[in-house]
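In what comes next, subunit A is part of two complexes: it sits with subunit B in the first one and with subunit C in the second one.
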Partner chain A sequence: MVGQDGHRAKGRLPSQMRPLLCERSVLSRADGSAKWAQEGSAVLAAVHGPHQAGQRREDAERAVIEVLVKPRNGLAGPAEREAEEMLRQLLEQVLLTAHHPRTLILVVVQVLQADGSLLAVAINAVAAALADAGLPMRSMFAGVCCAFGADGTLVIDPDAAEEAAAGSVITAAFPCSHTLTQQHGSSSSSAAVPALSLPEASLLLHCKGRLGAPQLASGLEGCRRGCQGVAKFVALALTNSFKDAMVKSSDPAV
Partner chain B sequence: MGDQGCGLVGKVVAPGDAVQALPASGSVRIGPGLRAEGSYVVAQKCGVVRQTRNGKLWLESKQKRYIPAEEDLVVGTITDRRGENFVVDIGAPFPAQLPMLSFEGATRRNRPNLVAGDLVYARVITANRDMDPVLTCVDAQGKSSGFGALKGGFVLECGLGHARALLARPPAPLLAALGAKLQFELAVGLNGRVWLDSSSCATTVKVANVLQQAQGVAAAEVQQWVAAQLQQ
Partner chain C sequence: MSVVVRSFEAGSNLKLISKTSKAVAKSTPDSAYVCVGDTIDTEEPEFLKGHGTALVDGRLLATLCGVVQRIDKLIYVQPVKSRYTPEVGDVVVGRVTEIAGKRWKVDLNSRQEAGLLISAVNLPGGVQRRRNAVDELNMRSMFREGDLISAEVQGKNQDGGIQLHTRSVKFGKLSGGQLVVVQPKLVRKQRFHFTTLQGLDVDVIAGLNGLIWVSPHIPRGEDGAPLQQQQQAAAPAAAEQQQPSTVAAAAGGNPAAIAAAAAAAGGPSKQQREAVVRVAGAIRALAALMLQVYPDSIVEAYTASIEAGVAVSDMSERRFLEVLAQREVARRRREAVHAADG
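Moving on to the complex of A and B:
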């Protein structure tokens, strides 16, 4: 998959992701929505709720999470069912469901364009939509896909052609948040600055193809590095979306 | 109050981000959107960190789904009457209860005559995650003080952050700018519903359009923006 000059098709480096695009609040009727695109792959995610769950589905202790994945065309099949279940398990770890007992949180994922790394794109779209909906969460999360070529080279964020040619494909999601670290500066010793931290443990791991333990470890590490980049982008996108609110805070009248 | 977290006031945080380290002694007051986890105050949604004058930290976020909290002012629609209560839709996950006796001057003989579809401006007195929210249309002295049925007018929906900004004191620059030009009456609910009424439909429509489109206009530019909108 990697050519003689160390570049992939379309001139990307093995550890280079496609350009990311995130748009939030794209749907007017949903409580939270986001569109996430990685060049050829694009996904629209909508969050509805928390709202009253049906009598049969409600849980007296926590919110019930339901995920619907809709393919770009045709009817949802086993692949979509699998993605729904993986996303649901991911969300159960991340959402503070005990805050809203007896309710239902519905997440709808619509694939707009499919060109590889779809599960990772869907994970990122759902994360952005949940942030937009303002549901209580333990942390933000990011997902990245990587593929091993037949010759064992690792490429991050493969497109459809690379995925088809790959011997194995790994998708992993990691929680990402900012912790406060003490800065040992000269001016003030108590100044704490936020620093991005990604725990070692993944929230979701999906493997396809033949894979050895050392390959899995290096693939996970590759995904984790990719997630770091995605997390930085998400933090920047969030800050930009609150720009007018930040101006207000510097206003002396407030 | 430790002063370590003050660096983040006015900054945007995402869920899971640490806002402030918990001090070794003393207490920290935290409001909506924040929780204590380990040795940090941690955000649970994304928003801008704010601090009140008495040092309470809270998170100002933009969301659409209303989650009731005690002492919130809400605009609700009556959907049903059940026994001694009205059932009110306030846009929350569950319908709210409004006892018929919590109106000014209401007695068992003299009950307010409200039917499904009527609007009320009320205050949330019980907001518990395990129980339906309870509303009241009187203040602590038993007076109506602005609460009660809303007659006529028009209801528009907006984001929760926008509604909170409209309720600010001193009055939001947007309302001040509108009020200088037009005469209208309005009740802002923290559930993202704004009721407004005026002597003519034209004014009501004009105010509703400006209020709805003003979401996202920076505070500094509001006055100029409103003037431009009203000229059209």
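Moving on to the complex of A and C:
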């Protein structure tokens, strides 16, 4: 995985993530959609809702969340079911479901390209799609995957080859938010990003393989640092794209 | 039949829209844009938190991505996209999905389905009485599953469920026209949601949930009830026309039955049909450019399409959208000048 000079494939450093790409509002018929790619891995997430839940499924006090994960080829199997359950539990913590009782929020995740870190890419795609749909959330969230090689070195955002060669793989998602540190009026232009805060507690933790306790701790810390980078990107990308959208859609009052 | 193939340019509409919006400068400061979880700066210690905000640990957090709006002491976040949220008194167009107990379930493209109680509709013949079991069994003869109806929002439940009513002669089943679905925010509250476009003989019902109904003009009396002229004209005609006219008599002026009678009498003319389709195309073009849909803007887009010589099937093409975008830029510039003067 990590070569002699400390570099991975394509000259990546162990703590370096692949280039991030986020495209918002890709599907016209979904309430919210986003395509998220980390170089070789790409996932398309769509959010439908909140809309009417059937009588069997509706909950009188909160919205019901349903997640569907579709693999790149073939039918969904046990791995997809596991990913669906993890995403659903993550969303239960983040979405303000009490705002829309008796409704159903359907999240569909379609894997477009698979090259490692798929669960993390899916988490990021779902976060962007939920922001696009305008569903009320407690905070934004970001997900990062890391892997431990046979020799114990930690690499962030592994690709498929590195995941296959790894002794263990950890995926973690953290909530992220920006707190204002400047007074209103003296704040500078859009170049200034308010202070980013990431709590210690993760929203989702998925481990594969054999791990010792110190390894788990260092893996979590590595994921957390990676999530900070993703959160910065998401804030900039979404804010810029929403600025464009709001300018286009607002109109002088008639 | 000729086939036209054109390449799909992703985002081409967006480029047109941003050209239109940048023609007149907007004044939203960058600091007003928030993402989920961001802290909103509350200048005053007293404020009312509105939609899209939450008070956590003494800080006001945004729960949506969008623009922070402040009106007096109210602070709320306006998102880019959201589903139609009904308010009491809104005129809406919806499709009946189910008949359940003493109500019809109507789909409004909102977060929940709306209910139309049998006690909230006018019985055929305009009779006022308690609804009995026979009325309940005859519900399907009034509105079936799949019918399109216009109604008004009567009330909202605590859990967000919506109650509709069609307690006016102008509401009811819609037939003999075309439905155009646009984003709900493009239809704002107007003085009249039932309008007849000037000189075009076309009726437009603009539902605030984004469903817009376009149909040939139905002459209405002063109270909004459709006039019964076609019924009298059709009655002495051939046998197959007797059925719609008796249905019209039984339904007491139901617009659908009037349309059925008109259809039996030969239907709307070719010019009327083309006018209806062209108006629908104008509405779709306005929606593609995310412009507000109201009677004046529809008529402007219609006349623009006639002046530019655009065929009805080409109204969603880029060429006509550019024409519309240019007219919108000119209109906004004029308005900016008026605002500066006045």
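The working rule: the second predicted complex is superposed on the first by the 229 of 254 C-alpha atoms of A that agree within 3 Å, B and C clash if a C-alpha of one lies under 4 Å from a C-alpha of the other, contacts with A are read in each partner's own complex, and residues count from 1 in each chain.
The rule is simple: a residue touches a chain if its C-beta (ideal position, glycine included) is under 8 Å from a C-beta of that chain, and two chains touch if they have at least 3 such contacts.
This is a predicted model, so every value here is computed, not measured.
Student: Determine, under the contact definition given at the top, whether A:Leu21 touches first (subunit B), second (subunit C), both, or neither.
Tutor: After superposition on chain A, A:Leu21 lies in contact with neither partner.
Student: In the superposed arrangement, which partner chain does A:Leu13 touch: subunit B (first), subunit C (second), both, or neither?
Tutor: Neither partner.
Student: For A:Ala150, is the partner it touches subunit B (first), subunit C (second), both, or none of the two (neither)?
Tutor: Neither: A:Ala150 stays clear of subunit B and subunit C.
Student: Mind working out whether A:Leu238 is in touch with subunit B, subunit C, both or neither, as first, second, both or neither?
Tutor: Both: A:Leu238 reaches subunit B and subunit C.
Student: A:Ala217 contacts which: subunit B (first), subunit C (second), both, neither?
Tutor: So A:Ala217 meets neither subunit B nor subunit C here.
Student: Counting contacts the way the document defines them, which residues of subunit A are shared by the two interfaces, the one with subunit B and the one with subunit C?
Tutor: 31-32, 49-52, 96, 100-103, 131-140, 175-180, 190, 194, 234-235, 238-239, 242, 244-251, 254
Student: Show which residues of subunit B lie in contact with subunit A when the two form their complex.
Tutor: So the residues of subunit B in touch with subunit A come to 3-5, 7-18, 20-21, 40, 42, 44-48, 50, 60-65, 67, 93-94, 129-130, 161, 216-220.
Student: Applying the document's contact rule, which stretches of subunit A touch subunit B when the two form their complex?
Tutor: Touch list, subunit A to subunit B: 31-32, 49-52, 96, 99-103, 131-140, 175-180, 190-194, 234-235, 238-239, 242, 244-251, 254.
Student: For subunit C, which residues count as touching subunit A in their complex?
Tutor: Spelled out, the residues of subunit C in touch with subunit A are 14, 17-18, 20-22, 26, 28, 30-31, 33, 35-41, 43, 52, 54, 59, 61, 63-67, 78-83, 107, 111-113, 159-161, 185, 188, 190, 290-292, 294, 332, 335.
Student: So in the complex, the part of subunit A that touches subunit C is made up of which residues?
Tutor: Listed in rising order, the residues are 25, 31-32, 49-52, 60, 96, 100-103, 131-140, 175-180, 183-184, 187, 189-190, 194, 234-235, 238-239, 242-254.
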